[in-house]
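Each of the two complexes below includes chain A, the first together with chain B, the second together with chain C.
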Partner chain A sequence: MDKKTAILPCNGLDKCAGCVSREIAIKLQEEKNAEIICPVLFRVADARYNKVASENELIVIDGCNTRCATKLASEKNLKVSRKINVTEASKQYGIEIQSKLQIGENEKKLIDMILEDILKKDDSNGENSSILFPKVLDYEIYKKDKFIFRLPKEGFYFNENDVWVYVQGNLARIGVTDYVQQSLSDIMFFTPPIVGSEVEQFDEVGAIESGKAVFEVISPVSGKVIRVNEALLSNPEYINENPFEKGWIAEIELKDFESDKMLLLEFDEYFEKMKRKVDEFHV
Partner chain B sequence: MSDIKIGVVSCSGEECFGGTISRLATRKVLEDLRLGEAVTICLPLFIAGGEEERNFAKVYPTVAVDGCSKLCAMRATEKYSGKVNAVVKVDEIIGKEKALEKVVSLRELPSDYMELVDKVAQEICKEMDKISSDILKKQAEEELKNSGECSGGCCCCGCK
Partner chain C sequence: MSKVVVIPCSGMGKVYGLLAREAANKVVNELKKDEAETKCLAYIVTGDDEIRDYMNGKKCITIDGCPKMCAAKNAREAGAEVVEELKSTDFAKQMRAMKPGTATYLNEEGWQVVDAIAEKITTIIDEMEGK
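Let's look at the complex of A and B:
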């Protein structure tokens, strides 16, 4: 079967967001010759859609934060290439949708904007699709004698292996935290992960090496590696300069961030943990 | 308007045009023809395990509106919440061929869609009215029974 697109919309009928998700699905069907998966029929008789859903690029469209479509994809173990949440998109674009089920002017505008976003990303053929990383980060700093580490306050998640992830939509950027680069001191080599490779959460996704040790980068998320920071090959010291910005490691197309998130730490938790670690080991 | 609430479980229809008509007819009933009497049940959520939807369908009477002969709405309701009170089969109302046409955007509906939506909506209302009337009749009979009065007609039993 040729790789084309399958769409799994929420399709709900009790909220306008469900009606918007259905409209987006139908428009995508026309624009991309995609196949729509009926979520109801998929649940009651999955044989109809198993092949379509597993062999094609799958776009999941949730109407509201109950995320029925995402949960369905997860239950069926499907690899999702892109997720859209109409309620979140309406906030993101600043377009309020009504509680009634009609597709009014605002809803049409939202549908067009979401479609434009999807199709624009397609035009770039994945090569240039990149997350919009914040230009300026706000850091919290902790000092303990000579040891100083900083941590961005918002938008980042961390795993227990001191790797951060910044998520935007279905894409994520990962890197090591300041604690790692401080502990390793001067980083001399960077071994990147293979672009196109599939990684599971906690798989190794590259390595960095200093005079002291080799640090395996443990992926905080599962998905496909779509880009690596090639600048690090010739300038691994970027990680020492700023591991959250120019020292990022790779970008990953997410598989199921909702599940991954359960095993990640947010700022407060990770910062406290690191403070304790620094207090205990760097005296 | 009666104060009886009836759940309308509509096909979510991505397989065929009958699904689109089911959605639109259900909406017409909810928002216009039986405002306040009909409560929609989100079928994808219902099947995914939505407790509120399932409990509602267990307690209140339901009408399933199905776009095609697969009868997903009816089957799912009966699987998770019990027997439906009525089924509106869209393909029997608008014709099998029409019902199986490909799904279309709400922005580009064919010219005759309103007529089809009306037909199906009327059928949903008819079933809802029948359910309401059965419930009211049953309630009246219960009341009469509880008050010890005869249910009507000429009677020689000596009741009041």
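Let's look at the complex of A and C:
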């Protein structure tokens, strides 16, 4: 870490994820001379930390989904370079953490993996961070004659334009759903969004084209495009093969996901909606 | 009687915060599992309605790691009845434990301080229950 790093952990005590959050912060302090910001003291007497928090690269670590640390950073208008949520990371890495308030073997493993990821990103000399996408997805399947509709059960949000988003911290990966790729049939062209461009929620963020039609990808989130799936330029059929995995479209650095989320659908709602759509239009 | 809430300071990166934290953990996980619990101080200070409602009127024992007394002040601010304000530094001084470890690891001296704080909290809880 060439630039000095500040860490704002949740420091939660009543959940194991909070204890993990603290351990990560302390290890970063020891190994990388990062400066820890005490979330309690920062809230009640912020003069102590204002300079540290605003002038350094800030990593925010939340233990649970109450996201106290993230909310605190937002209240103080801090620019966050990286957000980590221990509960979400445990799901992504497939490591179950216990309910006891102690660091056991699983928790140690999770701490090591998160640290490794932070340090790996750090070694990339300022390149944009990449999202930690789950290696295996658990799908719900709906079949209607030849139409097979798959949808990942956890961690994804959807917009009404059949575009999905997977969020991790302040990063998101987007793509189209099974419904789009099946409706379009064989996808032949992929027009990527421009890396570095700023998009608002529901702006166009690339397009895909088959013999049947052109489909504009409508962004489910607002932010900056930091990466596109370049493999699709030569292999747009990846979207047909698996639109949730190798057929992803782009990665976006989020601007305000909490606000964007209000206009997105979660699994249950979107799956029910699509079942009805498939029943009505694909008979 | 509802559980006593033991709230340690959230002091990050300092050994006295760790002493407070470990003592609270020892009480709620081992010594007084059925009579005591802990809540996250970082959450309490957010002023969130849910935690304030929970804390309102609750009997609390706080353990702070420095004179700022964040745990005691904020527990009281959230509406809790703080029956005892402890300071891990006082225990360290009394026991002449001048080098109890680091922010990450407690040495033998540090664990002795933790035991002493936890024992004190246990005694307070026993007294509250009329034992």
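The definition used in the following text is that the second predicted complex is superposed on the first by the 157 of 283 C-alpha atoms of A that agree within 3 Å, B and C clash if a C-alpha of one lies under 4 Å from a C-alpha of the other, contacts with A are read in each partner's own complex, and residues count from 1 in each chain.
As a convention for this text, contacts are C-beta pairs under 8 Å (C-beta built on N, C-alpha and C of every residue); 3 or more make two chains touch, one makes a residue touch a chain.
Predicted model only: the values in this text are computed from it and were never measured.
Student: Between chain B (first) and chain C (second), which does A:Ile37 come into contact with in this model arrangement: first, second, both, or neither?
Tutor: Both partners.
Student: Under the stated touch criterion, which partner chain does A:Ile95 make contact with: chain B (first), chain C (second), both, or neither?
Tutor: Touch status of A:Ile95: no partner.
Student: Tell me the contact category for A:Gly18 with respect to chain B and chain C: first, second, both or neither.
Tutor: both
Student: Could you look at A:Ile103 and tell me whether it touches chain B, chain C, both or neither (first, second, both, neither)?
Tutor: A:Ile103 contacts chain B only, not chain C.
Student: Is A:Cys68 in contact with chain B, with chain C, with both, or with neither (first, second, both, neither)?
Tutor: Both chain B and chain C are touched by A:Cys68.
Student: Give one of first, second, both or neither to describe whether A:Met113 is in contact with chain B, with chain C, with both, or with none.
Tutor: Neither chain B nor chain C is touched by A:Met113.
Student: Using the superposition on chain A as set up above, list the residues of chain A that contact both chain B and chain C.
Tutor: Looking at chain A, the two contact sets intersect at 9-15, 18, 22, 25-27, 29-30, 36-41, 43-45, 66, 68-69, 71-72, 100-101.
Student: In the complex formed with chain A, which residues of chain C make contact?
Tutor: Counting only chain C, the residues touching chain A are 8-13, 21, 24-25, 28-29, 37-43, 45-46, 48, 68, 70, 73-74, 103-104.
Student: Residue numbers of chain A touching chain B in their complex, please.
Tutor: Result: residues 9-15, 18-19, 22-23, 25-27, 29-30, 36-41, 43-45, 66, 68-69, 71-72, 100-101, 103, 108 of chain A touch chain B.
Student: Help me check something: in the complex, which residues belonging to chain A touch chain C?
Tutor: 9-15, 18, 22, 25-27, 29-30, 36-41, 43-45, 66, 68-69, 71-72, 100-102
Student: Under the stated contact criterion, what part of chain B meets chain A in this complex?
Tutor: Residues in contact with chain A: 10-15, 19, 23, 26-27, 30-31, 40-45, 47-48, 50, 70, 72-73, 75-76, 103-107.
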